[in-house]
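Presented below are the structures under discussion, each in the form of structure tokens.
You will see two complexes here that share chain A, one where it goes with chain B and one where it goes with chain C.
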Partner chain A sequence: MASQILYALPFLAKGFAVTLWVSLLVVTLSLVAGVLLGVGLVYGPAPLRWTVRVFSDTIRGIPILVLMFFVYYGLPAIGLHLPSFWAAVLALTLFKTAQVIEYLRGAVASIPKGQSEAAMAIGLTFRQRLTYVIFPQAFRRFLPPWINGVTDAVKGSALVSLLGITDLMQAINQVIGRTYEAMPLYILGALIYFAVNYALSLAARRLERRFAFIRE
Partner chain B sequence: MSDATNASPALLDVRDVSKAFGAVDVLRSVSLQVKRGEVVTVIGPSGSGKTTLLRCVNFLESYDSGSIRIDGKEVGYRDAGTRQRRSERDLAAMRAETGMVFQSFNLFPHLTAAGNIMLGLTKVRGKSEAEARQAAEHWLGRVGLAHKADSLPAELSGGQQQRVGIARAVAMEPKILLLDEITSALDPELVGEVLAVVRNLAEDGMTMLMVTHEMAFARDASSRIVFMADGGVSAVGPPKEILAAETSNERLRAFLARFRASHF
Partner chain C sequence: MGYALNFNLIWRHFDKLWGGLLLSLELAVISIAIGTVIGLVLAVWYVSAGRTVRAIIAAYVEFIRNVPLILLVYLVFYGLPTVVDLAYSAPTSFVLTLSVYSGAYLVEVFRSGLEAVPRGQLDAGKAIGLTPWQRLIHVRLPTMLRITLPALSNTFISLFKDTSIASVISVPELTFGAQWINFNTFRIVEVYLVTTAMYLLTGYILLFGLRLVERRFRAAR
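Entry: the complex of A and B
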């Protein structure tokens, strides 16, 4: 049994690399898109606010799995054929983006109006107010839910296996298919996912402490 | 009317400014002039439009009609006649010419005392870090907080925070300083230290427009007092005249009587 698992390790490592790659893509892309759209939601003109609001509410109301199948199996109907890997990344990114939008909105909304006004009063422009006054403060409110979202993204990446992508989850399933050693392999998989997420939350805690400029 | 303007050019010239929040008229054709070096205090019952007026002067609040000029330049709109709002960049530049101190301090909690003062100096005035730091230390010294330059706002008392707030505003070397009930959020024993700083600035010739409930301070420090009621200017004059108990203005008399009854 042990030798069989040992033999499978390189294969599992490859799957793990795919899991990390998918997670990294989803987290990075959704961060950029979510922050931009979130700023649009808070400060944008009415039509933009409306569009972002509808996007976010719609996406968050759909199970990720449905979203993923829709992108992969549904979009070809309108001529958009995406390889399974990118279909999965797109679906997960859309979902995560909607979350990031809400984290950002919440974080910015938690900054008292007086902060913007004080920044206006010394003559800062809109962009300067965001850069030097609002975002640095909103960041510490944004961080904890976002880190939770990142660990969710790592865990949620296991769904890509359902489109036949050989990530960690799929690799484990395939090895189980050959060896019938379900229990030890699922434990191994759980430990790997756990290790990644535990490392992430440790890093997050350190980061949060660094930005705790208010001793509450 | 225009002859009068030319005869005594006011640094701040508010003319016929009106503003409504929905069906409520907060400002009714308010006119008010502040000359260079003057300290003008606005008093009045709550809801009389004092704070709104102050916030219109640096366009934190827009107004529906009338004109507000600082040094002859229209504040929020491109021209007195049109209602065309200035660009974001223009507004920022205009606001840099007026300093504002807030009731709730509104210090930036992520920046130190010096950092709060330096932000405008570096980003708006284009000073170097070193120059800005020097100016920050100078102004912190002026408000008696030279030793607190590297403290975060959360580490300062309310009175100290407000003094940093004043230093942040005056370090920009504004043409006029707007003080919005700056001692209202302070414990009584901390009011004195903040007012001492304001008195000090007044002696230096800083032009100020302030809203306050500190009548004794208003009496001692103001060149003129404006009494507002129901969104309009009800009386203007030197402190002695306005705060006299035997004033013929009934609303003012009622306000002062109520005020005395509740404060003494």
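Entry: the complex of A and C
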């Protein structure tokens, strides 16, 4: 048993690399899209605000799995052909983007109104207000939940295995298919996911404590 | 492009979706009920326990929360029966998994709620001569519940959505029904539009109901 698992380790490592790559892509892309749309939600004109609101509430209201099948099988049906890897990344990114939008909205809403009024009073432009007054403060509120949310992205990435992408989850299933050592391999897989995510959540907790001095 | 929407085949197989939704709700309700018991018992135990028990409960919570649900579902359905002499159906296996999973999330919710109960209330309970058990039932838990209701509703909704993972072990819930129609009729866009609407509607109805409960209890102060 041990030798079979040892033999499979390089294969699992390759899957693990895919898991990390998918997570990294999803986290980065959703950060950019989510911050932009989040700013649109808070400061944008009404039509943009409504669009972002509907987008976010719809995406967050359905299971990621449904969203993933929708994107994966739906895009080719309407004539858009993405490689399955990118379809999976797109679906996960859409989901994560909706979360980032909400983190950003919450973080900005937590900054007292007086701050932007004061910035306006001293004649800062909209962009200056965001860059020098709102964002530096909102950042501290945004970071801890966002890092916590990164663990969701890593966990969510396990779903790409259902689209035939050989991530860690799929690699484990394939090794089990060859060796029939289901339990040891699932436990090994669980421990790997746990190690990554626990490290991330510890980092989030540490940051939260560090930023705790910020007054309400 | 050039994709013409045609919902006829979806309505013809709508029983797959409707039956699936009912099963999703059933899975969610049973798992959440069991998970709530696990969560309550462990949270109450945690706040009054010594270091060892706390460490064990924390280990359970941290482990479950940091592992993908899909892996846990596989582990319980395909892995566990290979080492222990148990036989269970896919739905039972999923309920078992989601119960343990929701338990871990609910321990956290209840624990932070218990810690947020003002000390003065417990002292007041002691002052009027309530026994520790009476203080728990009549003072601590009701206050805790009121504090945690908003977080609790969010957790419940998210657990309802998590039932979609049951489709990976072929439990015929809503997502599985959608996939069945996807593969058998190829009305892909339509089936996922309808499924999305069903999840959204159910989710919002649940949320609305839970918000009503919250409001009722907030008014009871």
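Criterion: the second predicted complex is superposed on the first by the 205 of 216 C-alpha atoms of A that agree within 3 Å, B and C clash if a C-alpha of one lies under 4 Å from a C-alpha of the other, contacts with A are read in each partner's own complex, and residues count from 1 in each chain.
By definition in this document, contacts are C-beta pairs under 8 Å (C-beta built on N, C-alpha and C of every residue); 3 or more make two chains touch, one makes a residue touch a chain.
Just so it is clear, the model here is predicted, and its values are computed rather than measured.
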{"item": "Side-by-side fit of chain B and chain C on chain A, or clash", "value": "fit"}
{"item": "First, second, both or neither for A:137, with chain B first and chain C second", "value": "first"}
{"item": "Which of chain B and chain C A:161 touches, first, second, both or neither", "value": "second"}
{"item": "When both partners are placed on the shared chain, which of chain B and chain C touches more of chain A", "value": "C"}
{"item": "Angle at chain A between chain B and chain C, C-alpha centres, nearest 10 degrees", "value": "100"}
{"item": "Contacts of A:2 with chain B and chain C, given as first, second, both or neither", "value": "neither"}
{"item": "First (chain B), second (chain C), both or neither touched by A:121", "value": "first"}
{"item": "Smallest separation of CA atoms, chain C relative to chain B, angstrom", "value": "25"}
{"item": "Interface residues, chain A side, partner chain B - complex", "value": "112, 114-115, 117-126, 128, 132-133, 136-137, 213-215"}
{"item": "Residue ranges of chain A in contact with chain C within the complex", "value": "58, 61-66, 69-70, 73-74, 77-79, 151, 154-159, 161-162, 169, 172-173, 176, 180, 182-183, 185-187, 189-190, 193-194, 197-198, 201"}
{"item": "Residues of chain C that touch chain A when the two form their complex", "value": "1-3, 62-63, 65-72, 74-75, 78-80, 82-83, 161-165, 167-168, 175, 178-179, 182, 186, 188-189, 192, 195-196, 199-200, 203-204"}
{"item": "Sites on chain B touched by chain A in the complex", "value": "58, 60, 88-89, 92-100, 102, 104, 106-110, 119-120, 123-124, 152, 154, 168-169, 172"}
